[in-house]
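Paired with chain B in one complex and with chain C in the other, chain A is shared by the two complexes that follow.
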Partner chain A sequence: MVSGMMKPYIWLETSDGSIQQVEQEIAMYCPLICKEIIQKGMGSSKNCAICLPQRVSPATLSLILDYCRFHQVPGRSNKERKSYDEKFVRMDTKRLCELTSAADSLQLKPLVDLTSRALARIIEGKSPEEIREIFHLPDDLTEEVNGQNIRHPDSEADIIAETSISHTENVFPHKEFDDGDIDDGIDPALKEKIDRYKSKPYVFGNHFEHREVEDFARRLNSDWPERMQELLSSGQERKTRLFSPNGNSFLRRNACMFFHCL
Partner chain B sequence: MRPKLAYSFPEEVLEHVFSFIECDKDRGSISLVCKSWYEIERWCRRRVFVGNCYAVSPATVVNRFPKVRSITIKGKPHFADFNLVPEGWGAYVGPWIKAMAAAYPWLQEIRLKRMVVTDECLELIAKSFKNFGVLVLTSCEGFTTDGLAAIAAHCSEVEDICGHWLSHFPDSYTSLVSLNISCLGNEVNLSALERLTLRLNRAVPLDKLANLLRGAPQLVELGTGAYTSEMRPEVFSNLAEAFAGCRQLKSLSGFWDVLPSYLPAVYPICSNLTSLNMSYATIQSPDLIKLVSQCENLQRLWVLDYIEDAGLEVIAASCKDLRELRVFPSDPFGLEPNVALTEQGLVSVSEGCSKLQSVLYFCRQMSNVALLTIARNRPNMTRFRLCIIEPQVPDYLTQDPLDAGFGAIVEHCKDLRRLSLSGLLTDRVFEYIGTYGKKLEMLSVAFAGDSDLGLHHVLSGCDNLRKLEIRDCPFGDKALLANAAKLETMRSLWMSSCLVSYGACKLLGQKMPMLNVEVIDERGPPDSRPDNSPVEKLYIYRTVSGPRLDMPGYVWRMEDDSALRIS
Partner chain C sequence: MRRVIRMVDVMGPDLISDLPQSIIESILVKLPITDAVRTSILSSKWRYKWASITQLVFDDKCVPFSNDREVVERSVVKFITRALFLHQGPIHKFQISNSMLQSYPEIDQWILFLSRNDIKELVMEIGEGEFFRIPSSLFNCRKLTRLELSRCELDPPHSFKGFVCLRSLNLHQVLISPDAVESLISRCPLLESLSLSYFDNLALTISAPNLKYLYLEGEFKDICLEDTPLLVEISIAMYMTDDIAEHFEQSSNCNFLKFLGGVPNLEKLVGLIYFTKVTLCSHVFIVLDHPQKVVYEIMYDQLYFIHFCTFLKYLSIGIDSVHLPIMYNNLETIELHQVNFEDTKEILVILRMITSSPNLKELHISGSSNIPIAADAPDLDFWEKGCLSDSALNKLKTVKLSEMGGWPHELEFIKYLLCRSPVLETLSIIPCVFDMGNNLKMLIELVKCRRASSRGEVIFIHE
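Right, the complex of A and B next:
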């Protein structure tokens, strides 16, 4: 549009029926509003105000417009935008939920992502009870689901919810980039490369060469018979508590003696 | 008649929020919030981790999570790695692959640990999953190159193949076969790869390595082949030049039998390395130190004890970003120490490397004061595995048990998740662990303790305990039966060569239907011995899928009451 003295405005109607005027270039940052203006010619006057979806209250619209007002300015650096976003999402959970919902209905994806991530961070690390409280959700899981009682939901959830204890024992290159956190300043070009990488197949073999302790034990166990002979003939005394000397199993069991603490 | 939700979302929005939550524990929490979240969550769960393949059935998983893209499954107990689990115990991946082949045509990733994987399984994987991309087999067995070839053949049909791998399988392990790089050789166009991990077969000669490197400057991880050959200057300079071109190389391993004079070839890229595995290299201290001291950005170091205390002191000064250290013994069966590595090396590193979180350390002597120093230096430690090579060795300075030292570790390292004990230890150390080890998830114990009280401390005190493995300790029935309920909150308990009686096992099995109580005894049916005689081995794990049907002859499951009533 022509920049100059006349800033075009458009008219928006929120869920409560109130109508307001908003700078066009800011409002058009929302794809839904953009479509209404361009495809349907709406918004140019009070009479043909664009009806915003139910989920957009006046307060929420105000927040969204603040967001749009900041981001639609072209000159800003990534760092500035990121900093603004971090401050922007600091609000109580109720407002954050309303904002997420409203942004989604306006198809404003960057804001949906931002608010969704913020909600995810709120949810992370909390117990089901805490989450229920924060979001005012009913405790209705003891009922039937799909015609079946959830059998021992806690046990099953525990079993399926377990994380790996040995977190970093295997080196998976793509996993380094897998923590789903984009707030790490990764150069977009590199990120794109990484994303392309992630879609490619990748095959690993057995990780013996990683020299896991276990691999090491196995290798040594194969040397054990000769070593055992040496030790036995040298008359070395060992504590013999709690095992029965029984031919092969004695040898096998004691092959692990040096790795008893693993 | 649901109460009005204060915060209501369309499902897609909630799903979008969930998409940013990947941690299994959080996904579990989400699914337990309420009915609608349970439903939404299960449809958008993409990644499942099954810590014990017998804890839940394949059918349960595929029915509950219809859209999984990535699965990790673990099988045998950890102590299987030390030959404590006899052949044919179980952990067959077959039923899982069959269930997933039918339910997850879009599955992309399979990661398996300590499972039995047959060639038929691999062939089924190769032909069932059109989008398949990642297969990781760790400590698995039962397959040959035929099965792997099926996978490789499938992957080679895909246009953009991202990585090739070649594994060295230890000679002693006859159920696996060594692959030779020459079969891929010149046909592989490495330059098309965005990012490359290459682990070479031991037999790859040095000049071939140089050529490979030159063709793959984007190499990120490399496991070299054997280095043995006499020193040839032109080979060396070729290699040095080739390495210098690998600007993205971050991880280096292999180095079997490397001649020290070839090591300088990698010096140019040392400062790029974040991960170095020299645990196969028999090079001695001065050359080893020269190499490692140049790796100022190292985060992970695996090395033999040839590094010695002096080398560890250098590391403490040069590798300020070190997060993980593993020091393996070069001669564990020797009666006398063959290297100058003592507790001091670990103390130095704990002082100099402020980010050190994960330690595996083999040595021959330890003292309580050293452990206390380490604990005070590194309260951020999360994994601590100390292996004093000789069992039941006391504090070498005072002859006391090492209770106080390990006690200091659990007291100061408040985020400790994994601990392995060694040396002379009484019930006292378990009291400390029960009192302070509140975040402890995995504990490995052998030749320690005096009585059931030790085990009781751990079971009653460690709130987050998930895996407990014990061998050769004087723990019997009392602690186990008193803490039976605790076992349902854990993934598994392993006890071998302890004092748990058959009668107690039967009782546990009867009273705890959510547990599978499995007695492993190669001496024949436990019924043939008195109820009070101790069992050889005991493996207890929680499950929602009932008894397993594939137990070998030497495993007996203790029936629960419901089963007895039916029969």
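Right, the complex of A and C next:
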């Protein structure tokens, strides 16, 4: 319980020793800061400024506070938040790593998830050399022996990794591509009709009764030539013609048809 | 031996390797498993970082594609076995969603391994073909919170006391005896979400005091919600064979009460259509003898049967003989499809539901696109009778009616809604595509309707 008045501002001290004033509402979005205020009563003045973990530099704090400032507003739609997040993580890798680290130390899980997803996207699909270059990783698994580079003693992990590398080359296109861009060879007009279907509330079962199928097939064969004639001779009017109450009495008696994509 | 100094070393400090394992895990679990495993050759620090992640997900992309299913299957099995062997530490989530993998002896060993490593979430969706029999070691997974199984055989031992931590159970096309399902459900006291699909002829009594979400799909004989007071969302796509449906007509039970009588906290009710897929031939339509029972729909050269003996029909049995005792004060969304407006009992189900839900905000009904057989003499007295209360639908804002053919009962229903919804904002009507003449008649009738809401818009969606 907070004793005393709720002040609008609190004081935070970053890793370099500098102290700054931040709106309380925004800072409270970070669980760690929240705990410091509520459980320990810190942050109410410059003298008892909340000491932030070592990994939080002034620059990353500023980014984190921007994030908090946006997200702590309750009325925003999911779409808005998602859009903001996507723009927010567009920064160089070094800053992204620092931000992840800082967010983690402040226990701000949504931001950790967001930044780790961005880092995962950077790593996905790249070769080891590319990844090492981006993150400045030392290639210390290879040693030179008598003028030749050899891999460190084999371990099972290397074997898996080796097999994985050649595998991923052949694999389907990555998630990086927008779903809409994948061309599976269907005519766009038909695809649009299929998409319309997909939005309908149907659930697809998978078993069928043989008896029904056979009956169906039998009936199909007997009416087929007649039906085919009608289908072929009409174009757009096909839909209305076959369903007109004044039409073919056989249809009227039994009609249940949908023409949604022909 | 001379250590080769790569240019990379002089480019700057390592950005990532010294971050806490929790962050590394957070990144690695967002990668496909192959990319995660590949990180082991990045540097010496990264050698075994992947090996302690707590989530392992193996999907169709984890091994190279090949048309030979057995080759792929062998690769998948080898990969998973090696990954598990090298793994260290607890595994909280293990998922296999691979259509090439069928029943394989190694699967037993994997589940045994997982049961010894604190598995919490287990998802097994393996390929069509031979059903895999789940080993008994599954029932030793005491910490299981989520179980999702597809295409397998499940046979809990008699001594099985249940999964005490299980919150989510999803069984899809699983061979299990009805008694075993019922007892499994009742022995998982924390169960919140239950999904059962593709069962054949299932008669089920559900007793789950913490259940909040229920999804049922498939052929059912009977469903009774015996003890589900906390249920918040129900979504059903069911069908019944003719003989079962007829048997129900004879009985004096009220299905509505049996099913919805004990769910006062319900917030959302959805009754979907159940499709069966049959690949016959393309560009074919057929008519049938039982328009009330089955409808065929062509979609992209596959033929689909829509089963009419639907959830709504099931609920309608016995409805006129009882008075509904309970109010659904939290029910805000009702979605019911393939409503047969010729059957006044089905209409009665909807009306009873609507009038028992004082906070209903959204109603979505789709008709059955049937041309009514008895188009000349609909029982319009039904709407005059005093069995319909005069209560207003005080919170109803959005109504969406699709597959409307403009038949008399449908129009009466629309009039009913318009007269009683003082805060209605939109009523959209999507006609079935087939008859322009009919649509015009419908529009003419709609224009005449009296409206309780001054802000209400009637939107006729014309393709």
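Here is the rule we go by: the second predicted complex is superposed on the first by the 135 of 262 C-alpha atoms of A that agree within 3 Å, B and C clash if a C-alpha of one lies under 4 Å from a C-alpha of the other, contacts with A are read in each partner's own complex, and residues count from 1 in each chain.
Keep in mind that, in the parts below, a residue touches a chain if its C-beta (ideal position, glycine included) is under 8 Å from a C-beta of that chain, and two chains touch if they have at least 3 such contacts.
As the structure is a computational prediction, the values presented were derived from the model and not from experiment.
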item	value
Partner chain(s) touched by A:141 [first = chain B, second = chain C, both, neither]	both
Contacts of A:31 with chain B and chain C, given as first, second, both or neither	neither
Which superposed partner A:133 touches (first chain B, second chain C, both, neither)	second
First, second, both or neither for A:97, with chain B first and chain C second	both
First, second, both or neither for A:116, with chain B first and chain C second	both
First, second, both or neither for A:124, with chain B first and chain C second	both
Shared chain A contacts, counted only where both chain B and chain C touch the same residue	93-94, 97, 100-101, 104, 112-113, 116-117, 119-120, 123-125, 128, 131-132, 135-141, 143, 145, 152, 155-166, 168, 170-172, 193, 197, 201-209, 212-213, 216-217, 219-220, 223, 227, 231, 239, 242-243, 252-253, 255-262
Chain C partner contacts - residues on chain A that touch it in the complex	93-94, 97, 100-101, 104, 112-113, 116-117, 119-120, 123-125, 128, 131-133, 135-145, 149, 152, 155-172, 190, 193-194, 197, 201-209, 212-213, 216-217, 219-220, 223, 227, 231, 239-240, 242-245, 250-262
Complex contacts: residues of chain C adjacent to chain A	1-4, 6, 8-9, 11-17, 19-20, 22-23, 26-28, 30-32, 34-35, 37-48, 50-51, 61-65, 75, 79, 82-83, 85-86, 173, 198, 200, 217-219, 237, 239, 270, 272-278, 280, 283-289, 291, 294-300, 304-306, 335, 337, 366, 369-371, 373, 375, 432-437
Chain B-touching residues of chain A, taken from the complex the two chains share	93-94, 97-98, 100-101, 104, 112-113, 116-117, 119-120, 123-128, 131-132, 135-141, 143, 145, 150-166, 168, 170-174, 178-180, 193, 196-197, 199-223, 227, 231, 234, 236, 239, 241-243, 249, 252-253, 255-262
